[in-house]
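Written below as structure tokens is the structure these notes are about.
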Amino acid sequence: MVYVQDFKWTENMKVKDLLDNYGSIGFQSVELKRAMDVFVKMKKANAKIYLTFTSNMVTSGLRGFFAQLIKLGMVDIIVTTAGGLEEDIMKAKGAKFDVGTFDVDDVELHEQGINRVGNLQIKNEFYMQFEDTLLPFIQNMYDEKPRWAVSDMLKNIGGQLDDEDSILYQAAKHDVPIFCPAITDGALGFHLYLFQQKNKDFVVDVVKDFGNILTSSSLDEEKGVIALGGSISKHHAILSTLLNGGASYAVYMTTAQKTSGSMSGATTQEAKSWGKVKDVSDVATVLGDVTIMFPLAMIGALEQLREEKLL
Amino acid sequence: MVYVQDFKWTENMKVKDLLDNYGSIGFQSVELKRAMDVFVKMKKANAKIYLTFTSNMVTSGLRGFFAQLIKLGMVDIIVTTAGGLEEDIMKAKGAKFDVGTFDVDDVELHEQGINRVGNLQIKNEFYMQFEDTLLPFIQNMYDEKPRWAVSDMLKNIGGQLDDEDSILYQAAKHDVPIFCPAITDGALGFHLYLFQQKNKDFVVDVVKDFGNILTSSSLDEEKGVIALGGSISKHHAILSTLLNGGASYAVYMTTAQKTSGSMSGATTQEAKSWGKVKDVSDVATVLGDVTIMFPLAMIGALEQLREEKLL
Amino acid sequence: MVYVQDFKWTENMKVKDLLDNYGSIGFQSVELKRAMDVFVKMKKANAKIYLTFTSNMVTSGLRGFFAQLIKLGMVDIIVTTAGGLEEDIMKAKGAKFDVGTFDVDDVELHEQGINRVGNLQIKNEFYMQFEDTLLPFIQNMYDEKPRWAVSDMLKNIGGQLDDEDSILYQAAKHDVPIFCPAITDGALGFHLYLFQQKNKDFVVDVVKDFGNILTSSSLDEEKGVIALGGSISKHHAILSTLLNGGASYAVYMTTAQKTSGSMSGATTQEAKSWGKVKDVSDVATVLGDVTIMFPLAMIGALEQLREEKLL
Amino acid sequence: MVYVQDFKWTENMKVKDLLDNYGSIGFQSVELKRAMDVFVKMKKANAKIYLTFTSNMVTSGLRGFFAQLIKLGMVDIIVTTAGGLEEDIMKAKGAKFDVGTFDVDDVELHEQGINRVGNLQIKNEFYMQFEDTLLPFIQNMYDEKPRWAVSDMLKNIGGQLDDEDSILYQAAKHDVPIFCPAITDGALGFHLYLFQQKNKDFVVDVVKDFGNILTSSSLDEEKGVIALGGSISKHHAILSTLLNGGASYAVYMTTAQKTSGSMSGATTQEAKSWGKVKDVSDVATVLGDVTIMFPLAMIGALEQLREEKLL
């Protein structure tokens, strides 16, 4: 039994020390500490690690952290949505997003040609430049063959980028497949559509990619799911691990609650029904903003793994 | 200026009466009343109405209501995810889902072959039967041609069903296109993949469907968006109306909050920046569970339209 | 077992019909229907019914509904906070609050002498008038005796009001005690303090009132708790019923979630540990805005009781 | 303008480094960084700092941190509820609370004589011991005089404890008054009531304490409010600073949202209407679990102040 401990600050406190304290403070801090432990367990078990995230996390500065985690070998398979991939490409080409506030005059922003994602802001010009970046990439691919599975297309694009902090770049470099079941849900969709109008045999093959995610891990491999936010990214990773026998480890971080019956709010409680999770210490559901929670718990895990010379 | 009014019950109270009272109670009740008003406005303005919902709402009994709304002419375009379409087909073929509770023993459920979506339960056997239902549909389509845009495929499937309460059936019957940008994110994806393994030239064309949703309304038509829950369904409807000049009316209902910067939590406040919304009375964001909120506000609107002989 | 049923609108739909449908839709709608059923059960069991609510619900139009419920005999004991009692008095003296919006310029409101509670607005002048109303009431009480238990003081004030829609008025008239463990947390506190400065022996006895709430029900009476929102009002009602052996029925309605370990988010799940709750159908926790949820479920219960000639 | 920066881990990362990074990640991380900055500003401005927290935070390990902050001179005035004070006393006398989980069998816990607060657990025996601890304290006070203002009573109790990690002890030692407007809402209330039954002239004077909190800062002093969670503690601190001209600095941390119009969810946006807040950099509202958020932001501030030799 763990007792609640009176927490106290000591000078020059490290993130890892704080995490260790979180385990005996209470409420979500306990879940966060367990998330750190599950990250360490996944890695030690040599599990195939699925990382899923929503687009707004790539809008945020977590983008560089995701790229770093790929480089460090902490991620084997990625599932995400189109918007984040677009913004990863924009940033790889030099786009700078601004930190604003949640309470702004949206009409005024619109007049200034600025798009808002929560308290972050993206200038329209970056969407213009995105088109210029993307079209040659697509043309190159089409010149090679007319029909592309989504993850092959994304790997090809990643290979055409050159930015250490880019998710697509690091994923291509380290053979980490990126799956995006709703590839057309964004500016990407619009440009792919315009391209197809001129090249009727151009096909983005989402069906084939279902096979690719299925075969990206096997029935007898251990699997771990890290789902940041909800939406279809989370659903797709859970679905494909389930078809491969279920994950043994899972960490969900979200602000959504289970009480509405949504996928975004689904907890790791259900993961126990997959038959692979051995006990409660193999899963963690952390309620809270991912931009704060994920770096915290993952840094704790990285420090621990480094300490044990496993990273 | 509207004053807060002391609410009082009167015997045999109608839903419409309660809605009218909500406008002067306060907090979310005021937003809900405005949602009803915006529904009425959309219809009176003859706007193209985009309805988006997440899969769990089809798991719930809202499915029959969505089908009824299509039949009543309250919906022109639908955007949703794969899971809901699958369950619509299951139910059209006789599947019965159970009402359970949120706090259950998931391991036990698993042993009984039951899947849980919040407090609702789906027996595994319905997924088995789904395969049997789906394969002839796909074969029929493939026999006609090997390449299908998603919305064409869904219309074809709807035409092969026979259930008044089915979304796919009513949508096919009333020429309401259903868009599903992540068509492979579900059992559907698995079956399409297996089919493609045997028929290599079988293509589900998501890129072409981007064109279909774009041309499903025009720049000079008035547009309204009803987004129930978040995820890519909401995003896709907003994106496609924006590319057509923006919607003039919008109602978002969700349990997600804007403070995490997610699409699910994005409010209609931003809709003002689209340049088409005339004033605050044209949009409403209601925080709360859709299974309660949507019937309430929509019934209010239907009664009002019926009263004015517009339905 | 209850099956999920396809919901459909029928013309002139009554609130009660909608509630009956909610039981087979799913997610929170099922909880809401159960809340209605528990209200009916409490009444049929002749339980002592504790109603608790936060101040902002009196700011809203629920005030008149609470007064009506007292009149109808649906409430035996009330626990609330100071702000709501102040506003009940203001409204009894003619104050009108305005319905505004959540997104406003607070600096501008301040300059106009307006206070904001969510999307509702209270003019400063009503606080001025409140002082004029309150002082003679206190003077009258003090002339009678210098030391007052809180609930006795509130009953005395209620007796000095004359407004059918007032909670204090109806409670005084129907011998429903109102408990307010934080009586000084508001303008009330300020005025009581100024009065005491001039009359040093004036005492508001919160300790004595603990005895009053304890003896307001007995160990062998059945008890029911309806907690709207959280805070100390909810805590105080649960505490005092627990000291009397625990409630047999409980309905909690709140937007707070249990994941932060707060009283506001505590669910009726715990109520099972009181040893009095017989089964899951005796308690309900509904997540959502009380201004929408409470009238809905309670109207359903009132219609049902009226139908059965129990009201 | 601050740009979004790609976040990257560096080995042996300190909490302060992470906080500095949070300022350019996005969403709630930006708010958290601002909270840290506002803590530093409050201290540098020599403001009177009001700290408010709910009972469950004392159940958690934050108790020791609050005591440490008093000792470090980071807190001038405390407002809280009865439950937390009780648990502070229990812990000072050796009680150990357990870390459990959110999903437990409450009936079983009840049979074992265990009370649950979220995922923390308190044995009934500590409530028994509490009675033994408290009674001599009350008797001592009563022997001195029969009538006690709440904050005087709490200071007296603190003076009778001997535990470095106790909030009451450190507050008494450092002349930090503790206000508790709902002093009877807990076991405390029950014991005070029993004592009064035997000593009729025993009075706990809540009205007098309203004067004490009013005079604990003056109109021309700068004031800062740190509100952790909501409820009447938050309301009481805001009320009393407003009566003294308003605070210049405010940090609210909560899981409640403003959309329900509750005090718990009220944001620092409103603080701008107090007329004292100079600009947006003087206030911060952080959405999230306090057990994670508060140590993070406050450690950042303590490190910063130590670095600048201001602590």
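When the chains are written out, they are named A, B, C and D in that same order, and each has its own residue count from 1.
Note that contacts are C-beta pairs under 8 Å (C-beta built on N, C-alpha and C of every residue); 3 or more make two chains touch, one makes a residue touch a chain.
Model, not experiment: these values are computed from the prediction.
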Separation of subunit A from subunit C in touching-chain steps, minimised, is 1
The chain pair with the larger count of contacting C-beta pairs, comparing B-D against A-D, is A-D
Between subunit A and subunit B, the Cα-mean centres are separated in Å by 26
Dist(centroid_CA(subunit A), centroid_CA(subunit D)) in Å evaluates to 36
Rounded to the nearest Å, the gap separating the Cα centres of subunit B and subunit D is 44
By the touch definition above, subunit A meets two or more other chains at residues 26-28, 56, 59-60, 103, 118-120, 255, 257, 259-261, 269, 287, 289-290
As the complex stands, subunit B meets subunit A at residues 54-56, 59-60, 81, 83, 102, 106-107, 109-110, 116-120, 147, 181-186, 189-190, 192-193, 196-197, 202-211, 214, 229-232, 235-236, 239, 243, 255-265, 269-270, 272-275, 289-290
In the complex, subunit B touches subunit C at residues 1-9, 11-18, 21-32, 56, 59-65, 67-68, 91, 96-99, 101, 103, 118-120, 165, 255, 269, 280, 287-293, 295-296, 298-299, 302-303, 306
Contacts from subunit D onto subunit B in the complex sit at residues 26-28, 103, 257, 259-261, 287
